[in-house]
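You will see two complexes here that share chain A, one where it goes with chain B and one where it goes with chain C.
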Partner chain A sequence: MESRLLHVNLTTGELRVEQLPHAMFERWIGGSGINNWIMWEHFLKHDINCDPRSPDNIFVFGVGPLAGTGSGSGIKGRITFKSPCYGIFGDSAAGGKFPYMVRFAGFDHIAITGKAPRPVYLYLCDGHADIRDATHLWGKNTAETHTALNTELGDYPSHVHTLTIGQAGEHQVGIAAVVSDASRIHARGGGGCVMGSKNLKAIAVQGSGGVRVANPAGMLKWSREFRASIDRNEAIYGFKRRGTLGAVEMYQHIGSHFWRNNQGNMFRGDEVRSDNWVKKYHKYSEVCSADCFIACDGRYKIDGSESEKAQKYVGETFRRPEYLTTGSAAGALDLRDWAEVAHWGKITNDYGIDNQDLSCAISFIMEVNQHGLLSERDIGELFGRAQSLEWGNMEDVETLMADIVYRRNLFGELFHDGPYWGALRYSARTGRNFMKYSIYGKGGASFTEEMRPFPTWMNNMAVASRGADHLKGIGLIEKFQRRDLSKRYFNGRLEAADLSTPVLKGACTALVENQVALINSYGVCLFHWMLDPTGYAPEEYYGRAFAEVTGIDRTPEELMRDGERICNLEKAFNSRLGLRREHDTICERWMFEPTTEGMYPGRVAADMFETVLDEYYEWRGWERDTGLQTASRLESLGMGDVAEVLAADGALARG
Partner chain B sequence: MSRTPQTEMVTGAVWYQPGDEIPDVDQKLYALQNQCTDCNICEVACSLVHSPDGIVNPLLARLKVNHSPQVGKRAPTHGFGFAADICHHCGNPPPCAEVCPADAFYYDPKTNVAVIAQDKCIGCMECVPGCPFDVIFVAPDGELLKCDLCGGEPACVEACATRPELNNVGKQYNRAPVLFHADSATYRAVLQDKPEPRDEVGMMQAMLEKGMVSSAA
Partner chain C sequence: MITVHAQYQARFREITQVERESFELETPRVAELATRLTGKYGPTMQALLMDADGENLNTRGTLYLNSRGERVFIEDPLYDGDTIYFMVGIAGG
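Showing the complex of A and B:
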């Protein structure tokens, strides 16, 4: 297995290629695993408590070992960094063709440090790298930057694929995102802000090299069987047609939406409740990531006949909204027109900003206003103008979004790190406590799905290494009530699929986090994993693909330990930053305010929160009172070196 | 050597309308209209099976997925389109072979389609513009790449992303890929039955009846 890491120091302009040793794959697999290790090593030499916007922060891009190998599933690229908005571990993934092109250009990982004296972009082509002037690209949005780089670099030796930031990243907005090929977004954690703080506008790549596969015949055979197995799952028909939009209807049934800053958990407005609009209004074709066969994605084009409001956006075309685009627009902001929902998706991509944190910041201020807590003077001070803050008003939403993206008034300055920091800063400034209206979980990250009735999701929001998030330990066994999987993983017990009890929910988070870490280090999309009819068992079939590509043969048990090791490194990173049990928490509304509708009205997270958290630590083998890792568990995972670093920082459990 | 597919008006995707002349060849690749998703998995598989040392590289593939404005033209409801540009395996003799000054084309006895003998090829690239469908490709090292149908079992068809979600029609089939492989007589019969190639579901049903795709158990 060959793998190359490109070190880029933007301060000195130094570029250095390092051949990653084979032992690295044995220990960290690739993708997020190796990314995490690169960042861990970086912060052994640099102050881990540094300002995330300083040149000392690191920005790592990496692909997994299955990328561009014909497996049909290694499609995800991952960025890893210290998060500027949450101040903790940060990473984010996206698909598209950029990741596989990085591999064809001869690299697997890129580690960027320092700060360029003026705007630059990084150009990679067939084993060479180059830092180029990007003054002419500064100020452009992600789509314009992508187009400009395509024109500039031409089609030889291959198409150009890019990773860019928009205006949000340039203004170092904490929740700024990195956008791949102008349409696929690494949204969480503020990677765009880190790029912006380094004056790095874009990474462009062209490649004509290939990727070597250890056993081509075995790889093709695996790929065929895997795809046939996925196609046997009837869920694939809906998923291939609508992607995650299928969740809109289903969530309406179980009350899992996030409405008006989570004052409710069902959508209002007849149209947005169903995903029929895809069939009815928007003309689309499916598009795929490179080397992915699912095509959950598609395009819309607005022709004005859809609704009155759509006439404003005639001719607009972009990727059709997926669930969280809808959850943030139709839910958090209560926009009830599909054209507006689609447009919201497009402009957040163009600016390059995370729609989760952004929508929660805007819905926070709208709710505060709804309760009559903002006087005219307050509004004048915040916005520097008269500003209406009306639910479901797209004009208000667009104006507020621009305030944050350009940090052009007090509101933008206070809320550019998301709703938690915004609410905290505004409360401190006014001497009034607004925290009960702020929706956040660990690290101050926010998320637009209801989780009070769903114990595993609630636990995800409190413990995910990158701050409140569902993708690290996604609680689908519980949400889809998969008793079969509960039975299989927990010795015949059914409680993991039962929403009414806290039992096995923490265990479920720990188990699935390990599996997801494995998936992420292969660079495989979570949807491939979710759709396999044999259930969530990545340690079984992806292990074979990994062996066909790399020649490294692993048993399922070893692979689960690999996943656990990766989770523990992310945890160790956060422990070094001072995170303890009290930081694994969620906001007041989720914790204490009962839900009023949906399947389980009256639920508050506090009913089960501590029980589930205790169980999670127990399954992880971490200390219950502090949440810290123990030396014995780390050593059993072959992480003695990590335990030593934690001990030196006083971040290891004493027991 | 730079190709700019966005401006290409001639696509290599093989779709026939009723009444189109279908050349007489034993085997041929066909694409189901409007269903390509640009996943590139056909390119990846093609390059992998043709590589002696297990290298995946789409630039070494013998077919290319392109953004195809013609798809939009033919199917105005979509306006977006991708299509795999694939060799049409033109009738006897194919135009690419006709222009070859080195006589490097020969018929593969297994499939009866024209392929390039690399040892005879002098790399003059005459066949590249000689191909009316623009589907002879040049590798980064100058090698000329033409589809050889993988000796009768095309890897691209095997790898092609399936679209069983087409009105759930896929439930009836083992596989419902975008790329197909059949002899021209069968394909002619399919077209005769189903005179509207844009109707993917109808096409698929006709293909099932004519044995082009196998029914699910």
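Showing the complex of A and C:
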């Protein structure tokens, strides 16, 4: 396996290419695994406690070994950095054409450090790289920047694909995102802020190369079988038409939405809880990447006939919103018109900001106001003007969004790192405790879904390395009650799929975290994983593809240990920053306020939380009282070198 | 003989063209309901409802729940008056 890492020092302008050894893939698989190791090594030489907005932070982009191979699934690129909004490990994935084009341009990973003296963009093309002036791009949104770079660079030797930041990243908003080709978004953790802090406006890439694989015939055979299995499943036809929005009706039935800052879990508007958007808005499906066999992406165009409110957005065309964009708009903010939901998705992409954190920050302040806790004076101080804070009011939402994107008043300054830090800062400033209205896990804003009925998900929100998260250990066995998978992975036992017991929920968190770490390191889309013919067994199914591409032939058991190793490195990063058991926690509402509606009313996390967390540490082989890793477990994973670093930092369990 | 109700969402509803319907079953099992559905709606329903082997319910991108919020599998029993919700969905984004 050949792989090239491009080092970029924006302070000095130095560019250096390093050939990654094959052993790197044997230990870290690729994608997020290798990104994590690059960041780990960086912070052995730099202060890990640095300000994430300082030149000492690192911004790593990487692709997995399946990218650009025609496998039909290796579509994800990943960015990795120390998170400016949560102050801990940060990373985020996005699909699209940019990842494979980086490989076609001759690179697999890019590690960017330092800070440019003025706005720049990084240009990669067929094995070469240079740093170019981006003064003319500063101030543009992500779509404008993408278009400008395409005009500037032309169509030879290929179309231009980009990673860009918008105004949020330029203003170093903690929850700023990085947007790929003006449509796919690396939303979580504040990667856009890190780029902005480095004066890095964009990365643009063109390439005409290819990707060598160890066994082309085997890869082609795997790919054809995968394609056939996709085509046989009629559910995927539905997925092509609806994308993740197909879940809206399902979640309405279960009671798994996130309504008005999670005061409820059902959408209210008849329009947004219906399937009407498919008939009214959907124009066509498309693939986000040449490397995807599914095509769950789609295009909207608003012609104004859809609703009265749609007339305001006539002519807007954009990607179909994903479920979580809808969850944030129709749920967290209670917007009830599809055109508004779609417009919300478009402008958050244009500004380059995570709509999960953003919606939770806005819905926090709306709920505080709903309870009569903000006086006119409070509002004047926060916003510097009279400000309505009305649920479902798009005008209010857009105004508050701009406050945060431009950090143009006290509200923007307090809440640009998301609802957790915003609530803490506002509580400290006023001497009043508002934390009960902040919905978070481990300091990260909630994903806009109801979590309380699902103990594995609650645990995910508490332990995920990058803060509240379902994308690090998505609890599908439990939420979708997969008794078949519980039996497969837990020696015939059924409890992992049973919502009524804490038993095996911590174990299930650890199991799925390891699987997701593998998926993220292969560079495979999580949707492909959910639809794979073996039924959520990436160590078996994608493990075969990994072997054909890299020549590294592992048993499923060995691959699961690889996944565990990757999770342990993320954990070690956070342990070095001082995170312990008390940081693996969730917000007051989830812990103590029962759900009142949906299929599973009366659920609170507190009933099972500590039991599940204890079991999670036990399955991980970590110390229960502190949550710290043990030398013996790390050594068994071939991570003795990591254990030495933790021991030196006082971040290793004593036992 | 028992009566069970089937409630459809999304792709299921597109195939059946109804939101809800009832079936009288001689064998109170999910397997019989599945047979009735594939018999009534043909190969498209077969490809949505069942795995490629045709022996188990399709678990990839689907969720089938009874009125008590429990997922049903092919071997599970059904009870008189049960409603089974046939849903399609993958959330995220």
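Convention: the second predicted complex is superposed on the first by the 644 of 655 C-alpha atoms of A that agree within 3 Å, B and C clash if a C-alpha of one lies under 4 Å from a C-alpha of the other, contacts with A are read in each partner's own complex, and residues count from 1 in each chain.
Everything that follows uses one rule, which is that a residue touches a chain if its C-beta (ideal position, glycine included) is under 8 Å from a C-beta of that chain, and two chains touch if they have at least 3 such contacts.
Since this is a predicted model, take the numbers as computed values, not measurements.
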Partner chain(s) touched by A:Arg227 [first = chain B, second = chain C, both, neither]: first
Which superposed partner A:Trp619 touches (first chain B, second chain C, both, neither): neither
Touching partner for A:Trp138 - first (chain B), second (chain C), both, neither: neither
Contacts of A:Tyr406 with chain B and chain C, given as first, second, both or neither: neither
First (chain B), second (chain C), both or neither touched by A:Ile236: both
Contacts of A:Val213 with chain B and chain C, given as first, second, both or neither: first
Which of chain B and chain C A:Thr69 touches, first, second, both or neither: first
First, second, both or neither for A:Arg483, with chain B first and chain C second: second
Touching partner for A:Leu526 - first (chain B), second (chain C), both, neither: second
Residues of chain A that lie at the interface with chain B and also at the interface with chain C: 234, 236-239, 241
Touch list for chain A against partner chain C, complex: 229, 232-239, 241-244, 246-251, 253-254, 256, 275, 321-325, 327, 449, 470-471, 480-484, 497, 499, 526-527, 530-533, 535, 599-600
Residue numbers on chain B that touch chain A, as the complex places them: 1-4, 34, 37-41, 44-45, 47-49, 51, 53-60, 77-82, 140, 155, 158-159, 161-165, 168, 170-171, 175
Chain C residues touching chain A - in the complex, by the definition given at the top: 9-11, 13-14, 44-45, 47-48, 52, 58-63, 65, 69-71, 73, 85, 87-93
Sites on chain A touched by chain B in the complex: 68-70, 72, 97, 104, 154-158, 208-216, 219-220, 223-224, 227-228, 231, 234, 236-241, 283-295, 299, 301, 317
